[in-house]
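One chain, subunit A, appears in both complexes that follow, with subunit B as partner in the first and subunit C in the second.
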Partner chain A sequence: MAEFGEDQRPDQAADGAGDDQVPADAPFPQYESGALLRGPEGLTAPEASQILGTAPGRVVVWAGERRSGKTTLTVELYERHRTGRATTTFAGSQTLPALEARIHPARAASLRLQPHSERTELDPDGRNLLHLAVSQEGSRCHLLFADVPGEVFRQVRDSETEPSELPLLTRADKLAVLVDGELLASTDTRSAAVSFARQLVARLADGGVPRRSTQTALVLTKADKLTAAGGEALAYWERKEADLHDALRAQDPAACVFRTAARVLAEGADIRDDGMETLMNWLLDEPTVTPDPPAPTSSQPADRLARLQRPKAVT
Partner chain B sequence: MRVVMLGFRETGKSTYAVGLYGGLANAGFATLKLVGLLDAVGFLNEGLGRLAARQPILRTVDEQVEPIALTLRTDGGSEHELHIPDRSGEALRGTSYSRQWHRGLLDELLEARGLLLFVHPLQLRPGEPVETAQKIVQGPPPADDGDDVPRRWTPDLMPSDVQMVDILQEMVEAGVSTPIRVAVVVSAWDIVDGEEWDSPSSWLKERVALLAQFLEANADRFPSAAFGVSVQGSDFTADDATFREKDPWERTWAVDAAGDAVELAAPVSFLLSGSAPE
Partner chain C sequence: MSDTLPKDLLAQRLPDWYRDVSVDLTGELVAARREAIEALTDDLALAQAPAAVAYAHGRAKEGVVLIDAIRKAARATDPAFASDARNREPQVMMACVVAHHLATHPRDETSTALSLLVQCAAFRGFRSAAKGQDLVGYAQSQLHDAGESVRRLSNRGATLRSQHNKRFGELAEIPQTGGSVPDNVVQPWISALVEGAAELATRVDAIDRNFRRGFEITAEGLDQTAWLLDEHCEIADAAWADLNNEGAALYAAYELAALTQQSPGPAAASVMLQSTLLKAGRNPKNEIDPLMAVTKAGRRLGRWPTAPPATHDLAPLSASLGAYRQVDGRSGWRPVAKETLGAALPKATEADIAEQGYRELLLAAQLADG
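Let's look at the complex of A and B:
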């Protein structure tokens, strides 16, 4: 018999969230200490700069249309540390509640029937960076993921927004153009998916993105959905993937290609390697810049510009 | 040395405190001796009485927190004052949920030089993926439920390992100085399946993965050691005369991270070993 403080053993639901929830109106007078803990928000650019000034880091931008899997990639790279699938060691996160809030719809505690990632909204306070610190072979790296809605990239594609107006794009250490495997699996939607990616790459190039210091990649998401669609769909993607890869390499000769299945759901999919470890290794690969200088600690308005500091020099 | 017992409710903090005191008061430990009392221990002796009668320890309510203050001598001869405010898990739970520090808990942590961090195998919120629930439901896979999230996210829904990492990180942000030693105590170790997990270390790496990794990666700020403890010693319902005939402090047992036998006081000894004598 377990050691309990009460006579009755409490029920334990499969997700552990049964009777333990605090009522929404629970009074908390003794918590008015004035010392707050973080909420489910991201980091601002100055906050991220503080982190980058202390240890090696990467600013990561997933560029893709809505529902292409941007948030899913970020949260699954985090969640893998909890489920034993990561080869890196979790070293911390200054946006832990934010990561948790975003992975929640993929957990049983959400009471959903299928895993899901909610639509990203642009934070009005510029808190659009998610942080994940990982350790590998004793070395720590801070990953700062841009948490930007697909609508922003739609605007770039349609020339409604210039890439130069998005500081995260010009500051990115790693820039990945995403293509949704679920859209590629259907002849009704695949050409639009490919066209989005091609036009996005072109608009970014017109706007001087990627910079010389940015490493780029073409990432297929939901590869399980594409695989399940069969040989013709795969053959179509292989042709288009080569074209898009060439387009990226025109800007970055070292541009890579990845196929990922962050959540393997499709029936009939034979996914032995979900590609996430390879993707993480690419994220951790050394960029071609020196670490950011420490962010200034003064409260002058110029220091609060919503722009990540540029590194001192490009090596 | 001020030590804070940290853990969500019903994770075995009060039970461990009673078991520890029972061993100290009855000269049951080779590595740690009780030299003197700095505060009343009536509630600990009440707990010992309940253990002797094979009854569970009553849960600590926040308003009834009674501190433990003892003077201890290690087997190396050094003396330490040990102060443990046996804080109920409610303060920690409320802090995590409201995203505001419980005033008393934060004050204790700011003065703490060591943490006893409790986890209980039956109180873990594992944070299982949706697919786990799917496997339980028989029949064809359910249709997509669109964008609906029937239960919205709140901080108390974070899995147990995440909540513990969250609190450790927030402690540092709130000004708790590091390094601070952490003894991770897995309560009720007797109920853990010994065939599946042969040591607290392997159990933590699998069941409380994020905490285990965080402590490993941040060993400079949180030097830590893991222990599995059993204060009851066994199932209270077991009809074992030999077991019943033992004094409650003789029933207790503990293992270190590798699963090797140690004294119940070992987690405290670990914390004291990094502290200067007082």
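Let's look at the complex of A and C:
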């Protein structure tokens, strides 16, 4: 089964419905492989709901323009767990083929000269969620990454699409606005990269995003490329990062900032410096809860007895 | 008398309560679950209240007796519903059922039991499975409404005189001819007299009921006031001032519960319990181990009910007394109590222990009657 530690087959209701299809004398549990391992597709919202119904989880949306590193962040978080480099433990995935299909072009086994992520397309059947379950100190958490193409966020930025037309944005527990460090490294492209992020944040805010229950972050991707560009590029980003952070904090006072380098290519680079562990910790932080308003109270006649501290003895 | 909780509480809050256990991008899932929750609310019986509240607070083992009903209700609108008792979603559903019941049946005895049980869960440090849900607040509102309702006499309707005038005022007068009177003139008068007599009888019955109820309410109030003024503790057969130990909380709870005729108790119950603790020289805000209260008072509380459902997770004091009684108070009863409860009880103020004991006794009486 693609999710470790569960007794329940995904195709079988918890009350045992479907058991009559398994021969009583079968030596091993019989599983329908097609139900266990999906094709290279994500989950639909109802399928994701079934997962959240079992254990805590987070819906994560990376928001950024094309090639800003949205898919790379997701698959690299998966890869770190697959190879045991993460401090949390891999606890399964119901979209393993989808994750593998997306990470494979980046691996050496793909025989590419440079790591590569395929361009994301919006799934017509709404299978937009990639699943990664992780375990930390005995507790399991299901991360559901929205696999949304950058083109969609360009349309939001250009007001061609309203944020309200993307319900994943309002459902997100974690919403991260990405800025491409590789674009920041060049004087030709840095201004446009910052401008895209600023306009996207503004358009999202106009559309009521983020909601109170969404935690936000500004994430710099490909930080190694920016670092390699030198001090002037870094200083430019530091100024712009502060402005963008302020813009996010206008909607979410607790908005965070991260710098990541999901695929550090420089030899000898300390993997702990790539910001991915810090990002993962933010993802695993408890989501924001919208508490009930205080329950209405009626006047308490008992208040009138508050002065009754020591009753008189009956004589 | 208006209800404190809004009837549309479920409609207002369900999207937030359900957010943590779903990815509902269209609103359809929440709408389907709402129907299931409403169906479960209508079918919730008093006897299920302890399991329902415990399950709503994440006590998965209680879900075993409820999960079939939850599945049936959910599958009426979503045949793919496949949760089992260990999962979070049915626990959240049950938390929503409890809240919805309190809001839509504010004066129902099942709601009163649910509210008392919610307060018991809070005493144990349990939290609602639906994140952000203020079940304790809703329970307090319901108990206040129900407590006022059971102690309020019904309003007098239109007076008999006014109804008499209305009924007979429209009838034609019987002619004073001395001869026979036509049937069509007499019959309406006869009918009116019959209706009037029936109404009079109904009104007399209502007066009788109101009188008895008023008497009970007044008697309860007088008894509780006298108890409040009394320096003597009946159960311990000693002056309260001589009971300056941790057991005073349970003595106070037991005696006040014995004087409470209607559930929920009066709104002033917590103040009365605190006042009695002061009589015993105790500080109501002093935090103690609840098992110490059991140790000090256990021997004198032989009539405190300890049979199921008093042994339930949400009746920790009764369950502890049961463990105490099981080994006749000898050393070694504490591990038995801890095993029954599944965990050690946190420290609590003496006032809170007294209130919890009072709640458990009211619940035991209510569930025994139900």
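For the reader, a short list of remarks on this structure follows.
Simple rule for what comes next: the second predicted complex is superposed on the first by the 245 of 315 C-alpha atoms of A that agree within 3 Å, B and C clash if a C-alpha of one lies under 4 Å from a C-alpha of the other, contacts with A are read in each partner's own complex, and residues count from 1 in each chain.
Operating definition for what follows: a residue touches a chain if its C-beta (ideal position, glycine included) is under 8 Å from a C-beta of that chain, and two chains touch if they have at least 3 such contacts.
Everything numeric in this text was worked out from a predicted model, so none of it was measured.
Of the two partner chains placed around the shared chain by superposition, subunit B is the only one that A:P105 touches, whereas subunit C remains out of contact.
In the superposition on chain A, A:P56 makes contact with subunit C only, not with subunit B. The wider contact with subunit A, measured as residues touched, comes from B rather than the other of subunit B and subunit C. Of the two partner chains placed by the overlay, neither subunit B nor subunit C lies in contact with A:D147. On subunit A, the patch touched by subunit B and the patch touched by subunit C overlap at residues 12, 14-15.
Residue ranges on subunit B touching subunit A, taken from their complex, read 9-10, 12, 14-15, 56-60, 62, 91, 93-104, 106, 120-134, 136, 141-145, 147-151, 153-162, 165-166, 169-170, 173-174, 187-188, 191, 206, 209-210, 213-214, 216-218, 230-232, 235-237. Subunit C contributes residues 4-6, 13, 16, 19-26, 29, 67-68, 71, 80, 82-84, 86-89, 131-134, 137-138, 140-141, 144-145, 148, 226, 228-231, 266-272, 275, 278-279 to its touches with subunit A in the complex. Those residues of subunit A that touch subunit B in the shared complex are 1-7, 9-10, 12, 14-17, 20-22, 26, 28, 30-40, 81-84, 89-94, 96-97, 100-101, 104-116, 118-119, 133, 135, 140, 267. Chain contact summary for the complex, subunit A toward subunit C: residues 8, 12-15, 45-46, 48-50, 52-56, 59, 129, 144, 167-168, 171, 213, 287, 289-292, 294-298, 300-302, 305-306, 308-314.
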